[in-house]
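Next come two complexes, and both contain chain A; in the first it sits with chain B, in the second with chain C.
Now for the complex of A and B:
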């Protein structure tokens, strides 16, 4: 079980992820509504894992991922992506993301990916 | 003509027969006593190891054939090559993308695309992939890098074990649009206007997809049970969902209250 930071610009998606992660026994370290805030919250909260949306205002998910990895190369970040963003996922993995989950979310798949990344 | 043992469904029972397989037809012995030319096959579908073929002459007859994979492969190849369907030679990649990510080592296969009533088949020397029409989520023409050139291809998004996968079809530009139109027409029953669900209803649908139950959805969206029930009705009426569980809320009768009171007394005494 891990302490997780959720970074997503939509409240609905954050609430959904929170519910799914709670149901899997995880705790929520915090939430952020854009990439900038995500990087700041990471530095402040030091979560075990971050779920990071890709398309966000201010700093997008890929840029936020790079900033977090620069601060903490061991950071475990799972990207949240919509179907059809395969190029973005490739870029994210290349930039150090440990995994990805696809929107719309399916609870078992989210929990499985989070579990795998936490164990890695 | 080769003969192979298969099981065919007859009056809801599976019976073993020796089916004759020729170049252009199959022959079913007693109790069927039927010759089925492949060109009379109007639809072909597969569920696990059962091949379901629909033959249309004056009437429509469905045959369910159960056999080993090797026999079914031969049958599928022969039937799909001659049955009543829209077919064209094409390159395809199926599946090409799973869960939004390109499948490692996915390659273009040279073969044909056969569109029957209930499915889109991708056939090559080594592959027989069927995408049921009911599982098609979207069809579009996109640009794709093929051997260093930006090329028009058809992308078919479909559900595969609960996950969205995409298959790609590459063919000459002149036939690409024809195939696209045909596929759009075939899958028209799955089309929906984006405006049929409002924002809250879309959120409910997404939460259902994510595995949330009604109690969780009510709490997350802060809506009363009656409103959620109405949204469920709309989703059901549009054919977007199906009922899996009916949850009940009850209240205790006098007898029930008495039972609970007694039980509490005996626990506290």
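Now for the complex of A and C:
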């Protein structure tokens, strides 16, 4: 069970993800609506794990990931992605992402990935 | 589906925002504003796709996905945008809007059929050399920023064991290659990878069949390595220790990683105005709360009067506290109900574009001050009149490119819609640089329609002539167009604006253009009124229309024609006795000078009781049209008092 920061530019996706994470017994450290905010919230809240959307305003998910990694190299970040975004996910992983979940989210898969990344 | 039912409202609301952003930026594309608009469109359509997929609205997802493919190509620079494509994409976005309507009313978007549009988009994608299924994203990263966490350096190798591993990625995994990269990454943190099959380069290019074989040198032990390699969607990990003599040559060491498209760093500007609005309340709930607040305001007044009457000190204090809370509550409610004008402004560029295209005109449309806020109820009533004025501006205001050229103007017409807050009012201006209103033509038309006589036409001022365009049944357009001439004239616009307690004003210069100015109260529900009484009957007069309160010196009145007037500080003001409304009174001692636009007049009253904030309730429809009264209010002492509508009595 971990304290999770959700970074996504849509309230819809954040709510969906939040409810899935709640159902798995996790707590939500906070939410951020763009990459900039995500980095700021990470520094402020020090969550155990971050779910990071890729296509976002201000700072995209990859740039935000790198900013967080620079601040905390041990940060555990799971990318939220979609079929067709393989190249972006690979880039994210090279930059230090620890996992990925695919939209549309399937609750069991999301929870499994979050659990595994938290345990790593 | 049912598990997502709870998200439907949120989905629709947010998707509408994205749809709006999509249309807005598609229109920007037409104006030649590129990279940022493309990024914005891509992001909106990508979000729409993801959200609809999550909700299981497959028809909508399919359409959005195809549009996303188109923009992936455009974004990567492989294709450029043509006006035809923008047209097609706008048609698609219309479809998305219809789908959202469908979804809002309980459907799943499948009642709309986007097959034709999708087919055309696919054709476009093929023509532009795209492989529609492989929409690569081009949010890129500077080359120097990418580095894989390197394992321990060579010199640290001593005392380590080598392991051979075979990792199988689960068959159902969607991105097997990415899983392989993750597993490799985890292992790298524990040791040095001597060899790997397939190579990291190959995996990155997508050449991966699900089985990863590698040799790693590490001191972490068998179990730790196994744990590091296992994870989500890893179905099997085999590991064994390699004997000294069987070390394979380190022929393939995956340590060089290329960056992709370092030039195409996504622009991070231009998103400054986009904010997350994360409070969504059903508007009916808000209306209900507003009603309760209104009741509170009325009862607060009542309590105040009781306390004054009985002179109970303790109660006075308590009411003072309640008073403050109620005022604060009322203010907060007002603020909550305010919505930025962008809510309706954002739809207008599309209207301008469509009308201009229909009329073969060229128009530059500029919006300013869309962040100005108005009460939702005012906003609701503003949409139609504004739409009408905008259509009019393009349709009747802006001339054809040829006519403009002849008149020595730029070929492209200019329309500016702006809004700003001015003390207690919100002012919306619609300015065009078109032909302006032809006063002669208006006069002729008014005579023809029987609105005025020839004699009157010769004496009235330009201002009065322009007022004629707001008369019912007036239209100067030579032919009825299907765009702005829908049988509704400017009279309806004026009525709608007045129903909002607003005013409309026109300034025009022949050949130079026109300016329509709407003056609106930011909120309708609660107004400041002056409570007066005439002939023992009480009335409310909105403070906003009062310019002065003066002594009524009867000796200064003069009879002019059928009416009476008074000379007040060198100004002759018409006296407007409210005999019809409350009966004649002989004891009027005070004059309330009211003003509407540039016209002033004065109302004689017996007593001024004071100023009060009241809630004006509209009159029920079966009372009919009551000229002069905008509604009634209940005062603290329970009296029902009519509130004067100054605009219509002057």
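Just so it is clear, the second predicted complex is superposed on the first by the 120 of 120 C-alpha atoms of A that agree within 3 Å, B and C clash if a C-alpha of one lies under 4 Å from a C-alpha of the other, contacts with A are read in each partner's own complex, and residues count from 1 in each chain.
Convention: a residue touches a chain if its C-beta (ideal position, glycine included) is under 8 Å from a C-beta of that chain, and two chains touch if they have at least 3 such contacts.
On a predicted model such as this, the values are computed, not experimentally measured, just so you know.
With chain A as the common reference for superposition, the partners chain B and chain C occupy clashing space.
Of the two partner chains placed around the shared chain by superposition, chain C is the only one that A:33 touches, whereas chain B remains out of contact. When the two structures are aligned on the shared chain, A:57 is found in touch with chain C, with no touch to chain B.
By the touch criterion stated above, A:12 is placed in contact with chain B and with chain C alike. If you count the residues of chain A touched by chain B and by chain C, you find the higher number for C. Legend: residue contacts after superposition of the two complexes on their common chain; A:85 is shown touching both chain B and chain C.
When both complexes are overlaid on chain A, the residue A:106 reaches chain B alone and has no touch with chain C.
Of the two partner chains placed by the overlay, only chain C lies in contact with A:66; chain B stays clear of it.
After superposition on chain A, the stretch of chain C whose C-alpha atoms clash with chain B is 55-63, while the remaining options among 19-27, 37-45, 55-63 or 415-423 stay clear. Comparing which residues of chain A touch chain B with which touch chain C, the overlap comprises 12, 15-16, 81-86, 89-90, 100, 102, 104-105, 109. Within the complex formed with chain B, the chain A residues making contact are 12, 15-16, 19-20, 81-86, 89-90, 100, 102, 104-109.
Per the touch definition, chain C reaches chain A in the complex via residues 7, 10-11, 14-15, 18, 42-43, 46-47, 49-51, 53-54, 56, 68, 133-137, 139, 141, 145-149, 174-175, 177-178, 181-182, 185-186, 204, 206, 228, 231-232, 257, 260, 266, 268, 271, 274, 276, 278.
The part of chain A that touches chain C in the complex is made up of residues 9-13, 15-16, 33-34, 54-60, 62-63, 66, 81-91, 93-96, 98-100, 102-105, 109, 112-113, 116, 120. Those residues of chain B lying in contact with chain A across their complex are 97, 99-102, 157, 162-164, 166, 203, 206-207, 209-212, 216, 220.
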